[in-house]
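Following are the structures in question.
Both complexes shown next keep subunit A, but they swap its partner, so subunit B is in the first and subunit C is in the second.
Presenting the complex of A and B:
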């Protein structure tokens, strides 16, 4: 029992460090694409340490303080229901994709609640945009994930990983149409450009994060770091065959960096355009993917 | 006979409340409190028993038997919410007749869920309609009339079906119908379904809900949404799995049609809810939307989907009532339910805020609350059955729930506090007590869904539908597994961990609400920093065309058409003698033409 808890704590720390490193490398990559030098790849770790060391930070109330805590809680809970490489937490058999879908909402909700008490209209506009965007990408993601799920008749992520254990059996090959739609949905879920209306630093001053500083911002950084691993990990598990420790890390890394490279050269959609885009193209693509699965079966 | 005594307590208590209130307001309150407490107590001790009664009222006998395990479950929901609603309504201003109508309404609902013959069924349904009408009447008369008209329409459907049923079978009992043809069964089924659909506000019979919920007294709305809507749901269960069981289980296309009706109701009502400015209107649409899930679930008629629908309506009874009570407490202190006029109340009304927060968490179906297991089973059952588009529609509907529920919590409790609410206090005990009471099942059934599933299992086995695999804490389907207890434990552990990380950071200092980032502007009261008007304007812009499509315009057109027709008919009576002589002459001519001269012989 104690060993198990220590193991879990180790995984959480590992994932946090990994996520922070991913974020740092992404900053470096974006900088190089923009022909800047960029910060060192471990900059995000330093940032978090600095933020936690700060004191006398502005607080707008209890919920404002708890918001980042709930957000971090949300991603941590989701983490335990997703198989991470060869490590299969006990819980990935105890909850399936739909559980993860709903657990993933806890984190944005926590951030939204906390930012709401900050009483800054920029934050609320960001959240309203985020929820609207959710109406776009969530459905696409749901439909694209349904394709392998219906084919293998299981909603358990752990089982889906098992059936595609060897390289040529990755779900991305038979379900490439659905996987494509799923990747577009993931792009919106991660809030990368052209879907960064929630943050939109030039319009609404970083949206939900506008009032946060010090350890609150540090917690939100941690949330973001774990969120990267959870979201890319989910897609890697469903479409790219999971893998062992090393391959899992490599797959999530390459997936993330691909999204970041697209992010680096894209402008931003207006929020209405973004939702409409999701309803127009990826939705149709995911429906075609589903149709093919239905015929193929 | 215990059930009979409960009804007697409520009827006598209602009349005594009315008379007592004539003497003193407090006496009336005391009687209403006593009778609702007694009914709650006596109904609770019926747990697990077989109960019922038969009384002869001259023309026919009334049979009330708890023949379905859902009878007790819905009955308990009714008495609990009734008790809480009466408790909260003591603080509001009501006419003396209000308490009588609430108690009669409770009696009517209890009788309905135990009705064994069609006369009792219809009688109790009329009791429910009439006395909920009086309840809404206490708020605003126009909405009450609208409610009455729609529910009378439903009653006509039901009375027609009952009459035809009697004509064909010669029996007043709601037993299974055997001797009818398929077409006859279909017509009867649809008539009864439409009748109950008005009560449970299924689209396109939902138009009364917005007005009735918005304008009824605040504590009464909780009862309307939490308990009265369940009458329609119980009616569905009755006709689908009892009266027309064999017919319905076999009718795949009918099942699909009704399931789609539920799915479309869920989606459309969810989208409308995001565009509403009044918190009670928003919740009215959210209530319609959530009941759409229930219909979609039970109409699909597999053991898993029925369990999903049944679990969802128990959840709906808990969180929707909770939400309406929090709105009631806000309205009691501020005097408005319009979200654009509220804001920042979290610091003033923390208990109401916690109630609303957990209410929306359950409403949007986030585990580990009571909202999740039902939705989870619903998705699984749709996908097992291959109803993927329906699953997608329901999923989209549940995303709209995130949209409108965040709008609700933000506009009322978060954001800046308007200066006029500086000295608002927490709502009195009468409002906070229901909120705290309802939080318990909301979390308990979330981590131990088996408590509710136990009843549903019994229902499924008694009516021979099948069973689902579950224990107190987990549910297993052929697709996957959901262990609510583990989710709850992991949640708690992760929260503790995140909180420890939070404590690692430095100290904080409390700042004023206007001490925030405004890009250098100096802000004061004159700046409106509360982002509440047109919250989802950018979404509304994209779905402008859809929002224009409203069923109300069809009804308006219909009412105008009937109005015009009546006007045209009225013109016949012009008042001039010459016209009447011409009519007489034409009539005679017509008669001669029709009878071909036979008239003369």
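Presenting the complex of A and C:
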């Protein structure tokens, strides 16, 4: 029991460090695309350490302080449902994929509660945009994940990983239409450009995070770091065949860097354009993928 | 504790208060040509998230109120960089009726960059110097502001209504 707690604490710590390193490398990659030198790859770790060393941060009430805690907890709990390479998830049962979908919504809602008490108009706009964008990508993501779920008659992530154990059996090959739509949905879920309306620093001053400083902002950075691993890890488990811990890290890394490279050369959609885009092209693509699976069976 | 000190000196988030003409030197400093992100310095959108307050050039009485309000909203430790001759002695606005001449009377400035305008190289040199000062524990402007708050508030009160524009309590 004690050993298990230590093991999972180790996993959480490792995932946090890994997510921060991913973020740092992404900043380096973006800098190289802009023909800059860029910060060192461990810059995000230094940023978080600095934020936790700050004193007298502003507070606007209990819920404001709890907002980042709820967001971080939500994303940590969803981490325990996802097979991370050779590590077995803490909770694994038939239907856990739905639980993960629900838990991924907890984090933005936590931020919405906190930012709401801050009562900054920029934060309110950011939250409204975030929840609107969610209408766009959640539907597409769920429909694209539904294709392998229907084909294998399972709603458990661990089962989906075991059926695609070797290289040519990756779900991305038979379900490439659904996987394509799923990747577009992932792009919006990660908030990369052109879908970064939620934290548009030049328009609404970093949106929901506008009033947060010091330790609260540090927690939000950690939430973002774990979120990278959870979201790319979910897609890698469903479409790219999981793997052991090394291949899992490599796959999530390449998936993330691909999204970052697209992010580096894109401008930003207006929120209306983003939702319209999601409901026009990726939704149709995912429906076609679903139809093919239904006929093929 | 040494690790936190190192992180504080290597990760500086900046809010640039661009009301003066010096703002025109900031875009080249941030973008590909001079790239200040390689020193871990990133522009931030709000005072809550910032460590450095960079004041680019002259401050009118009207903007000084906003600068001080922004400064007081920043979490400790925080640093002020005075940019250009206008923050030193008024510069070319030395006889203007509506600008302040010495920023030092109203805010604790940690480091000045002289020149009109300073080039991006000078700005980056100031950042590197500030980094060394933080690592050695010499950039203590924010402590100075707390200790001498009465004196600063008296000076500020000569220019505008302090009661209305301050966010911290000092009496």
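Just so it is clear, the second predicted complex is superposed on the first by the 294 of 297 C-alpha atoms of A that agree within 3 Å, B and C clash if a C-alpha of one lies under 4 Å from a C-alpha of the other, contacts with A are read in each partner's own complex, and residues count from 1 in each chain.
Following the convention adopted for this analysis, contacts are C-beta pairs under 8 Å (C-beta built on N, C-alpha and C of every residue); 3 or more make two chains touch, one makes a residue touch a chain.
Everything numeric here is computed off the predicted structure, so don't read it as measured data.
Residue contacts after overlaying the shared chain place A:55 against subunit B and subunit C alike. Of the two partner chains, neither subunit B nor subunit C is touched by A:24. Contacts of A:37 after superposition: subunit C is touched, whereas subunit B is not reached. In the superposition on chain A, contact is made by A:210 with both subunit B and subunit C.
Judged by the touch definition given at the top, the superposed model places A:47 against subunit C, while subunit B stays out of reach. Subunit A residues in contact with subunit B (one complex) as well as with subunit C (other complex) are 52-58, 205, 210-211, 214. Taken together, the subunit C residues at the contact with subunit A in this complex read 3-4, 6-8, 10-11, 13, 31-32, 35, 37-40, 44-46, 48-49, 51, 73-77. Against subunit A, the residues of subunit B that register as touching in their complex are 344, 346-347, 357, 361, 364-367, 372, 375-376, 379-380, 383, 386, 388, 391-392, 395-396, 399-400, 402-403, 406-407, 409-410, 414-416, 474, 478-483, 486-487, 490-491, 494-495, 497-499, 501-502, 504-511, 513-519, 529-531, 535-536, 538-539, 541-542. Interface residues of subunit A, counted against subunit C in their complex, comprise 27, 31, 34-40, 43, 45-47, 49-50, 52-58, 201-202, 205-206, 209-214, 217. Contact residues on subunit A toward subunit B in their complex (touch as defined above): 9, 12, 51-61, 63, 65, 68-70, 72-73, 76-77, 80-81, 90-91, 93-99, 102-103, 105-106, 109, 112-113, 116-122, 124-125, 127-129, 131-132, 134-135, 138-139, 142-143, 146, 149-150, 153-156, 205, 210-211, 214-216, 218-219, 222, 270-272, 275-276, 290, 294.
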